[in-house]
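Each of the next two complexes has subunit A plus one other chain: subunit B in the first, subunit C in the second.
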Partner chain A sequence: MKKNGIKMIKIKAKNVDVFYGKKQALYNIGLDIEENQVTALIGPSGCGKSTFLRCLNRMNDVIDICRVKGEILINDFNINDKSCDVVRLREKIGMVFQKPNPFPKTVYENISYGPTIHGMAQSKQEMDEIVETSLKKAALWEEVKDRLHEPGTGLSGGQQQRLCIARAISVRPEVILMDEPCSALDPIATAQIEELIDELKKEHTIIIVTHSMAQAARVSQNTGFFHLGQLIEHGSTDKIFKNPDNTKTQDYITGRFG
Partner chain B sequence: MNLILFTFIVLLGFTSYYFGRRKAYTIQSSKKRLTALPQFYGYYLAIWCAIPAFIIFSLWAIFEPTIVKLLVLSDYSNQGYLDDELNLIYEKTKSLSRGQFTGEITPFIEASAEKYLSLRSIAQNSKAVIVLSIIIASVAYAYKRISSNSRTREPVEKFLNAVLFTASLAAILTTVGIVFSLIFQTIDFFKVIPLFDFVFGTHWYPAKAFVRDSSEALDPTMYSDTFGAVPIFAGTFFIALIAMCVAIPIGLMSGIYLAEYASSKVRQYAKPLIEILAGIPTVVYGFFAALTVGPFLKELGTSMGLEVSAESALAAGGVMGIMIIPFISSLSDDVITSVPQSLRDGSYAMGATKSETIKRVIFPAALPGIVGSILLGVSRAIGETMIVVMASGLAANLTFNPLESTSTITAQIVVILIGDQAFGDPKTQAAFALGMSLFLVTLCLNIVALRVVKKYREKYE
Partner chain C sequence: MNKNKEQLLNKRYRAERRFRLYGQSAIFMALLFLTIFIFKIFSTGYSAFQKTWLIVPVNFDAEMMMIDQNPSKEDLQDADYYDIALKSMADLDQNANDDQKNQLKRMVSYFFEKEIKNEILNDPSLIGKTKEVYLTASDDLDQVFKGNYPRDLPEDQRRVSDYQLKIFDQLVAKGKVESKFNISFFTYADSREAELAGIASSFMGSIFSILVCLMIAFPVAVLAAIYLEEFAPKNRFTDFIEVNINNLAAVPSIVFGLLGLGVLLAIFHLPRSTPLVGGITLSLMTLPTIIIAARASLKAVPPSIREAALAMGASRMQTTMHHTVPLSMPGTLSGTIIGLAQALGETAPLILIGMVAFVNTIPGSPMDPAASLPVQIYIWAESAERGFVEKVSACIMVLLGFLIIMNLFAQIIRHKFEKKWN
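After this line comes the complex of A and B, so read on.
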């Protein structure tokens, strides 16, 4: 969204280094993410794009040996600061994973999980509303409205992934992180998710890690290219794909390596 | 003699393995392709060498004594001896032939002893000859069959299949045999003691059955009020309940701690330490309960003005619970660890805390396994014998006061079967009836466990 023609910056990463034990995975990353836009992170496997994504909601905390240095400002607040409450942070920054990972619960319980733990609904009725709107936004409502109380794990792969997206948006996050959300899905399910991403960017800022150049070109407005733990180039998707500054970017996008 | 023959068969088996393989190499060296690896030819020959020989060998061992006996006693037929007398004559013959006979030696017996000895030596020699000729015949047959295009892999694989099948069959047949022996003895028991009295009677006092002289006729009325199993069933479940009250919370919580909270270093040391508990023999737990915990509880209770028996259900159940902790802890730890990391990530990414994640996501996902581990613990608690025998007394009191002594099914089986028993006596058969009930209870538990696990599997996978 533009405010007086100036793009609003939602997330600002400065000098981010990440270490797994002694091995450094990310080197001095600096990247601005614009609000209500889709930012794609591309690059060959092991380049650190998923690691960077996981820095943004501090999911790397879960890994014992992982250390993160540098500043990540979200709404001008450094989330790597000691005063940051991870629970609140993750309420604001939702995440969708590579493989659909619905909880072994019913469809309804999968969606109501977040609102319950954050105390967002005061009554059963309110919760029903949250579940319905989340599923509608995730374009899943029509398919599952009659089977809300069946296990979420019984849905098809594409439906499961949309269920996970619905679960993520149920707590009305400002940012949604997507880690290769379509890599386990067929082309039709992928098209549905991409359509959905376009719709979701009206209300959320979206960062998507993808291995598919075509997907990055289709869904994103901005793109960052990672290689060997470094952010080689970032800018508008148009520019990166049509006229990149760096030859490595050029080579990767045209399929000469990676 | 048998040992020598046996060793000989084994040695010949190895030798024929070697020859079979060598023949395969010879075929190979003449630039022909083998249908299997050379060792299959070796196995093929070894199987042909040893298996027919062993079959003859064991059949011989089974039938030889009977045939010899028939032949020796054939001299005495038509002389009007009773079977018992014939058996006695045969025993005398055998001991005389071993030079251990001390009584009066009649010419008859001396003659049969000689006949016995000559028959035995004929049998031994002909056994050796027959077994060896079988080996030669079968090895020669098999060796001739080995050629570049003969099949050896399939017969060897089939043989292994048969061996494995026999092994599993043996396990199954043993179980079936045990169940049948339980069933028949139990039926005999219930012919004397009405089922109703057993299931609903409230007095268990098998010592009363000792009073009967075995020459007296069975009089069912004298057993009324003797074999009422209610007190010991109640005792069994009561002690198991106390044990599970100790084992489930502690075991589960330590399992959760190990799986989710403990650092890998703590886990590395703590898990084996907890599992040591499982390695302590139950008899050690038994005297720990009887000599340490029991008296301690009694003193503690007395100081508080309570009347506590030195052999209390609480002491036995508590110690039994400690014994079961490692099963529940270790199994639930395994189950929780095997919940996919993606579910944890999903929950953390929603902003859930660790305890919320465990309570709402991991625990439900791991529930089938946890229920399984608990039911396994219950089975152990019900089947545990030593601790109860030592620490909870043998008198079958019908009580639900944990401070009094009570007894269990297993302890009563021990009481009944220690010392001399008479077969066909209701007292002995009572042990079978108890064993049968124990078996049924555990069977039901297992069925319930499987159902629970299956139900949640369907729901969650």
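After this line comes the complex of A and C, so read on.
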């Protein structure tokens, strides 16, 4: 989104290196991500795009042997700084995973969990509202409004993934990270999620890792192409897909490898 | 070429059939042993649940009891029952000489005086009247009546004399011998007399030991498992701890008994022979079992659930307490129950800390001396009297029943509360 013609940068990654033990997974990544846009990260398997995504909400902290170097500025604040509180960060940066992973609890509890631990609702009524709006934004409300107190794991795969999206937006994050959110879904469910992503970008900045070039082309405004731990090229989706600067990008997009 | 292939195929089928046969025969053998074992125990033990009573007319003569006609409660408590008890037995044979009177007395348990006393405490109006009272038969007559006693042995090799048998047979003919359900087996403590021995003390001892064991082992083991699985860094030191927990699970239980003896009794001077010490000793033994079960069920919680919670901004503590631990609880609980069932059947460590002592009182708390069910089996199996043989098997039946109920409970918990995730 442009304000006065200037692109608003939400996330700025500078010189990011990631190591798993002695093995380096990402080399010197620098990438700007625009506010209220969808940025797609594409590349062959094992190229480091998911690793990079997980740097943005410090999910790599969970992995003992993983080390992250470099600066990642979100709203001009370095999240790799010691003063950064991971809990506050993840409240601001939501995440949707590859495989739908609702908690084995009711639909309602799945949504209310985030707002509960962050103290976002003072009353039952407020919580009900949060649950309803989150489910409505995730285009799931009509399907589950009568079964809010049934287990979330009983929904279909596509519904479960939308439930996870609803769960992510329940705490009104500024950024939503999506790690191949449609890879476990059928084409109809995929179409629903893609539609949803388009809707969500009005209020959230979205970064999506995807294996499907067609999906990247359909949903994103900007694209970054990763290969062997390096960010080969990034820019507007239009340009990457129609007129890439790098021959590797060209090869990948035209299906010559990957 | 084709023929070769067919031969090969047939060979493979034959190998499979052979393998099935091995498996089936293994299962058959296991079932056979189990059946023999259970049959043996039941056939020996079932008679312990019946108890033989002699029905003897007792004349509640106030003068002999050394009380007046309208005694107070205290008078009845303090009255002398021995004489009327003795007389009632002696009256079974009017012509008995002194030696025979003595033999008559020994046809019932030494408890007969008390049984007569209870009768009159329940109904004081009996004074001056005669009533037929149920008296516990001696363990030898009990066995005779149950058909477990070889009557054809020469008299000097028998504990029951010919005279006693004669009187007993007369009573049987008159229908004055009755077999009833043996309630006292469950309500009495241990006794040197087989007819009066019960499992109440050892049963309560086992319950208290298990409770102490549960209260110590469960929280410690669960906390240790959660810390090791969810919080501890994975390095050499934690690997070392893990290996040693597994080693601890393989340590022979008698070693834990020595530890209890050397530390709990010798250094801390905790009361000897009590379920408190027994429970602490057993908890050391159960600890690794529960830790291993709890860690396994924590590991079984899919990482995606942890990631989901962490990505929502839950702290590690919240992730663990809100999601991982509740999901792992069914597995942890059933592991705990299995561990407790093991502890329940443990004998060696309890013998070392003195729970093998003869205890003829029923413990009211873990601080009172008590035996435990397996130790009781051990004590009775060592006793010479014929009456204890069936008691051993009956006690095994109670212990097995207890264990089966616990394991069943573990299964139910596992199935009922196990949540399905994707």
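In this text, the second predicted complex is superposed on the first by the 258 of 258 C-alpha atoms of A that agree within 3 Å, B and C clash if a C-alpha of one lies under 4 Å from a C-alpha of the other, contacts with A are read in each partner's own complex, and residues count from 1 in each chain.
One rule holds for everything that comes next: a residue touches a chain if its C-beta (ideal position, glycine included) is under 8 Å from a C-beta of that chain, and two chains touch if they have at least 3 such contacts.
These figures come from a predicted structure and were not determined experimentally.
Chemist: Report clash or fit for the pair subunit B and subunit C bound to subunit A in the combined superposed model.
Modeler: clash
Chemist: Where does A:Asn57 make contact in the superposed view: on subunit B (first), on subunit C (second), on both, or on neither?
Modeler: both
Chemist: After lining up the shared chain so the two structures overlap, which partner does A:Gly70 touch, if you call subunit B first and subunit C second: first, second, both or neither?
Modeler: A:Gly70 contacts neither subunit B nor subunit C.
Chemist: Looking at the overlay, what does A:Pro44 touch: subunit B (first), subunit C (second), both, or neither?
Modeler: Neither partner.
Chemist: Given the touch rule stated above, what does A:Arg88 touch, subunit B (first), subunit C (second), both, or neither?
Modeler: Once the two structures are laid over each other on A, A:Arg88 reaches both partners.
Chemist: Quick one: is A:Phe97 in contact with subunit B, with subunit C, with both, or with neither? Answer first, second, both or neither.
Modeler: In the superposition, A:Phe97 contacts both subunit B and subunit C.
Chemist: So in the superposed three-chain picture, is A:His118 touching just subunit B, just subunit C, both, or none of them (first/second/both/neither)?
Modeler: In the superposed model, A:His118 contacts both subunit B and subunit C.
Chemist: Of the listed stretches 26-34, 62-70, 116-124 or 152-160, mark the one in subunit C with C-alpha atoms clashing against subunit B.
Modeler: That would be 26-34, the one stretch with clashes.
Chemist: Taking the two structures together, which residues of subunit A meet both subunit B and subunit C?
Modeler: On subunit A, the residues that contact subunit B in one structure and subunit C in the other are 57, 59, 62, 64, 87-91, 94-95, 97, 99, 101-104, 113-114, 117-118, 153, 164, 167-168, 171.
Chemist: Show me the residue ranges of subunit B that touch subunit A in the complex, using the header's touch definition.
Modeler: Of all residues in subunit B, those touching subunit A are 263-264, 340, 342-353, 356, 360-361, 364-365, 459-461.
Chemist: Which of the residues in subunit A come into contact with subunit C in the complex?
Modeler: Going by the criterion above, the answer is residues 57, 59, 62, 64, 87-91, 94-95, 97, 99-104, 113-114, 117-118, 153, 164, 167-168, 171.
Chemist: Going by the contact rule at the top, pick out the subunit C residues touching subunit A in the complex.
Modeler: Residue positions touching the partner: 233-234, 302, 304-315, 318, 322-323, 327, 419-422.
Chemist: Can you tell me which positions in subunit A touch subunit B when the two form their complex?
Modeler: 57, 59, 62, 64, 86-91, 94-95, 97, 99, 101-105, 113-114, 117-118, 151, 153, 164, 167-168, 171
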